[in-house]
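In what comes next, subunit A is part of two complexes: it sits with subunit B in the first one and with subunit C in the second one.
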Partner chain A sequence: MTRARKAKDILMQSITWAASGLSAWVLIAILVFIFTNGWKLLDWSVLSGNYHARNIVSGFVKESFDESVFTPPLSLSAEDIVSVKFGFAVRDEVDKQKNHVHTITWVDDRSPLREGTITTAGAAQGDPAPFASGMSVNKIVFSDADGREETVGRLKQQSPREWVPILDSRAAFIKEFHGKEPGGGMRGSLLATLMLIGLSLLFSVPVGIFAAVYLHAVAKQNRLTKFIRSSIELLAGVPSIIFSMMGITLIFPLIKIFGLGGQSIILGGLTMAVLLLPVLIRQTEEALRAVPSSYAQASLALGATQTETLFRVVLPSAKNGIFSACLLAVSRIVGESAALIFTMGTAIQDFPKLTEGSTSLAVQIYVLMRGENPNFRLASAISIVILIMILILNLTVKIVSELTDRKGNASCPPRRVKASKAS
Partner chain B sequence: MVFRNLFRIAGVLAAVMVILIIIFVTSRGIRPFIGGEGGRLDLKEFLTGSRWRSDQGIYGLGFVIINTLLVSIAGGVLALPSAVLSAILITRIAKGKVSVFLTTIVETLAAIPSVVYGVFAAGKITVLVRDLGHLFGISTYGGNSSLAVILLLAIMTYPTMTTLAVSGMRSVPRQLDSASLALGATPTQTSFKVIVPAARSSIVTGFTLGLGRAFGEATAVSMIAGNALTGPTWNPFDITRTLTSTMLTGLHETTGLDYEVRFSVGVILMVVIISMNLLVAAAKKRLEKKGGAAL
Partner chain C sequence: MKLKKRFTTLLTVILALAMILALAACDKKQGTDPSQPGAASGTTAGSSPGGDRAIHVYTRDAASGTREGFESVVGFKGKLTEYANEVASNGAMAQQVGQDINGIGYVSLVTNFAENNLKPLKYEGVEATEANVINGSYTLKRPFSFTTRAGNDYASDEKKQIVEAFIAYLADSKEGREVVAAAGGIVEIETGKPWSELKAQYPIVDKDNSALEIVCGGSTSVEKCITAALESFQGIAGNVQFKIDQTGSGDGWTRVLGDEKDGPNASDIGFASRDFKDTEPVDGALRHGIFCQDAIVAVVHKDNAVMDLTKEELYSIFTGDTGTWDAIGR
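Let's turn to the complex of A and B:
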């Protein structure tokens, strides 16, 4: 080999390394960006919290207050101003909108403030009112020993250092608490995503498996079958935003017959069900194809009908592949946004209902990123949740397929079939 | 027998869906042109117009179509060389675990959902474009631009193209490889001059699939396109507007022309994708004919 040829070879090889290096660098850049922006924010309160901040006004009854004195835990810092009489601590903080807030950092388990009920008129009136770490205090109305009412708190321009000692020294019992439950959580979207996954799979898995069985075992090799195959192939290439339009023009009028109007998780689920069909059919058919034909032949030779053979021999043998197909479908649902924007809407709900519009995690990200001031931190935190979900799903698929490959050559059909033939 | 029919119904249902989609979306999409609720649009102006002012009732989609073609094709063309080179590395140069590792990178990129790409694009790619603009003394709209969309689409189409190229190169017959080596070509020369041409059919298919993804990509693109009101956008640092970003603007309306016209844009999107597929299919046929004669 001449030196020039060798040099050229090395150059060409390094170009291929450079191209792959570029893709690796992009992947790392994406992960670093998402994790540095979202990791710090991501904790239990963001996962389980409401998205919309909620004002709470709660009332207390005199009887729940006694003369007990509370001892604060040692974990509190000097910033936390403790009320030993009522068993809580607050801290002066500056929130994302640069406002001062008095955040509750500790509430004793026996604190009488946990006994409050919501007093504002509405459906929630009379419900137990939350008083917990993370909430902020706007004002507290208390009554002194002589029955005189007084108000303290942030709305009276007092810092916690000023108003907590007043409360401890003068208050006999607390009459009213005005506070705020922080927003910025993702629980609603998380629940909506789970509902969506359930509904989409419920609608699409039976149709997908049946269609795959049809293509694999029932259909003859003719023009119709070829047409069906290419149609399903074409369906896989339809952009998801077009599925969104299909949801509105085709499925919406259909479910309106059953009295379901407007955007809803049901509409989103049905739309996703159609979107998932190509994935499910392709994967299931592949799983069916991997079942050795000797299984089916043996079953048929033993006198089983075709339907029996299918349900007792072929489908059980392909169950791992079908399971993988469902997992891939789930990871598609978790990441999907465009197909859901029109069908489920863009209003983030804290308490999603099947018959009402709400956002999935992916759509919540889209909503947060829209507009003048995108909320990168929460969007990244939700992205981390989505990425972890997809990673787990894809890893499971890999493990399942590896297990199947290892077992693939074992020549015994599932045990259940043996038992049923023996009887 | 019952089950047999159930299977057939499921199969036919899945096949019919794509036809139903075309019929229903199209029938809704042509409504604004035959005079439905909220007014009537002129088809010629809609297809060739260069202004999109929904606030003034002007809907000219022509420049949007050109913009979409521009950014998608530019993104695809940018991604194609890296995809082919990566595929060569994965199938021909890297061995064992390295090859598996490189494949995992491609698979991971393919698994990242488009909204997550959107967050990254809005936070990083736009900043990159903005700084690049500063370097040339061009001020950008915070980095929202054609160029940002092109870069994003290049990243998003890369995994599809690479996967297809890899499977194409893997299925090239061993004889071709051996023949080239026996004639004295180096393994690297063989990879570039024999394997790549032999796998061109898969590479073109991957390119088409990637372009299809680029045309239809909605949420990520709409976060950084900037939604220009006029066009076409020739300057890569200027804001742009694509078919999908148009469909996602002003979501609050749920009635009237502003809402209905979205379906018309959807119809155009389908037409663009289908014609692109037909075009590439025709090109592929010619390519194969030529290749057959040469071999």
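Let's turn to the complex of A and C:
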């Protein structure tokens, strides 16, 4: 008997262990995968940089330059190909977007290439063009001693080992320099995600709170209320891609009246707001339910009306719970992609605007992973940022709910009750 | 209590071991280096090439331009074997075939074969290279087509002019073709005209165009070429802005000339990684055409012994007539 019970005990225990171990293992496996792929890439330039490489086209006025031989610093390695005539070094690299680039690793202060001015029409035309380490060379157009024009560089499908010697031996002076600043950053998507969070909360939090107050305190507990509550529950289970379709077919014509055409962060924010409502209503109602009924009774006994009691006593007491509901909503926004693909589009923008389409961080990962050569490294780097955001949000929720618990135990009602009495 | 403790320790050790093993396997797969042959062949040990093995056919979804191109050249449209595994992108195709010793699929030439454990196959004995596509000997290829909106269907005259200028740069100029070629597109550069000559017809490029935006839609396969072309065009066309919203060849025509041309996804230039179909009339467009070509390459796992396949062999494999690698006889 005891042996059989012991065996059963061990079996059941091992099942619980295996189950929890499995889920922990999955999380660790995901973390290891993402960190091994993306950690090396993740630095400040990825967080704050442009996704699209800014191309710089500069022209040169001088038709000759002081002939001098530049000496490269000793820190350069064998992979840095040096142009002693023009005072710079380049290296063949694969950039964050998985493209081959010829990155400039050294520029002498007196390099004639520093004298270029931007030729692109616009506000910056005529300004000194940047020519610095970190940029890369697309092509260089030069003129030889007989005045013939020639082009060398990456766009000519030459490696630095091929084109730098050609430049040094034949160029009399340089006419045009086509370079680009590195891309592959996530700043645009990060900003768009923050805008989306702000807008979605702006639209959904007031509606969510009032709806929760209605269901909790105002509504009669009858069949209609039951129906509304179960509709909200059901709404929480609707797949987000369906909200996306709703956004494009129902909300889009609505905001078109206000002159907004096309996909935009506003459209995405409105769609996300609808998606968040069930979460917010449910969590807020829970928070309201957790407020001891003695608070409301005391307020009513002191002569406050039902509305005053609700908005000045019950709601403020539940504010921590509502705050954690908002934080949970934020993590939902950060992780959402399906609801945004149709409403905000899949075009990565470096300078997102509220009235134009853009990608959130999660959608940028989707964009990076499609196509012929999925970019695992950059996608993993973005995943790390998303995971860190979610981690911070979850920790905040935990801390806030712990604070709420403590407050609940120490039977001291919020100070605002006094204020409401006075008024 | 003592038993429980011992049991706990045992289980922890087992779990830790399992975790380390799995992660090691994971790392091994990720760390596959093309310079280390056989690094990833651990999973395929035992199934020696040449054994009696069933062929696993992989295909793209019906909206894919790659599939359209492959099926029309090999000629098995509508006859694809029902056992084919459908994948959603060329990247996924490369990954899955690279993990399946008996798999066969098709991808674009720009795919990184080594990274995905793939072997590109010769078609009719001809290797898939840019040179062979340009000289016409490699026939398993597809065009990258474009079409613009109808001639009078632009938000402003400036927008129309900048779109025209970009198309001229992309399709006609030497410089534009160079950029496309460097991004993996196959195009003859030397027959292009210098941009310095062409640009005289498009005076808009010498103005400040930072308020204008060119919106592209359609095929995802063209994304790399188009991004590179637009990034470089920005520098020579007054900082014009652009938006690249690629969702698939099917949307190329729809968002420019079709149903969605006035919807939220409306685009200025639509791309397809195939010719536009009869159901997609582009006659009304300001300009339409082909800006480069792409080779489609039949691929197998790198440990597969097959080196090249003829059109007939591909036909019989993809229609399901030939079911095993033995029947191919190589």
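Quick note on the criterion: the second predicted complex is superposed on the first by the 290 of 423 C-alpha atoms of A that agree within 3 Å, B and C clash if a C-alpha of one lies under 4 Å from a C-alpha of the other, contacts with A are read in each partner's own complex, and residues count from 1 in each chain.
Here, a contact is a pair of C-beta atoms (placed from the backbone, for glycine too) under 8 Å apart; a residue touches a chain by one contact, two chains touch by 3 or more.
Small disclaimer: the values here were computed from a predicted structure and weren't measured.
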Quick check on the superposed pair: does A:Pro374 touch subunit B, subunit C, both, or neither? Answer first, second, both or neither.
both
When the two structures are overlaid on chain A, which partner does A:Glu336 contact: first (subunit B), second (subunit C), both, or neither?
first
What is the contact status of A:Phe33 with respect to subunit B (first) and subunit C (second): first, second, both, or neither?
both
In the overlay, answer first, second, both or neither for which of subunit B and subunit C A:Trp17 touches.
both
Going by the contact rule set out at the top, does A:Phe210 touch subunit B (first), subunit C (second), both, or neither?
first
Dominant contact partner of subunit A by residue count, subunit C or subunit B
B
By the touch definition at the top of the document, which applies to A:Thr346: first (subunit B), second (subunit C), both, or neither?
both
For A:Phe258, using the defined touch cut-off, is the partner it touches subunit B, subunit C, both, or neither? Pick first, second, both or neither.
neither
Figure out whether A:Ile228 sits in contact with subunit B (first) or subunit C (second), or with both, or with neither.
first
Once chain A of both complexes is superposed, is A:Thr120 in touch with subunit B (first), subunit C (second), both, or neither?
second
Taking the two structures together, which residues of subunit A meet both subunit B and subunit C?
13, 17-18, 29, 33, 37, 248, 346, 369-370, 374
How about subunit A: which of its residues touch subunit B in the complex?
1, 5, 8-9, 12-13, 15-20, 22-24, 26-27, 29-30, 33-34, 37, 206-211, 213-215, 217-219, 227-228, 231-232, 234-235, 237-243, 245-246, 248-250, 274, 277-278, 281, 307, 310, 331, 334-338, 341-342, 346, 362-363, 365-366, 369-370, 374, 376, 379-380, 383, 386-387, 390-391, 394
Could you list, by residue number, the parts of subunit B that touch subunit A in their complex?
3-4, 6-21, 24-25, 27-28, 81-83, 85-86, 88-90, 93, 102, 105-109, 111-120, 122-124, 155, 158, 162, 186-189, 191-192, 209, 212-213, 215-219, 223, 244, 247-248, 251, 262-263, 266, 269-270, 273, 277
Could you pull out which subunit C residues touch subunit A in their complex?
3-4, 7-8, 11, 15, 18-19, 22-23, 26-27, 30, 89-91, 94-95, 107-108, 110-112, 115, 175, 178-179, 181-183, 205-210, 215, 220-221, 223-224, 227-228, 231-232, 234-239, 243-247, 264-266
In their shared complex, subunit C is touched by residues of subunit A numbered 6, 10, 13-14, 17-18, 21, 25, 28-29, 32-33, 36-37, 52-57, 99, 119-125, 138-139, 154-157, 178, 180, 183, 248, 252, 261-263, 267, 345-349, 356-357, 369-374
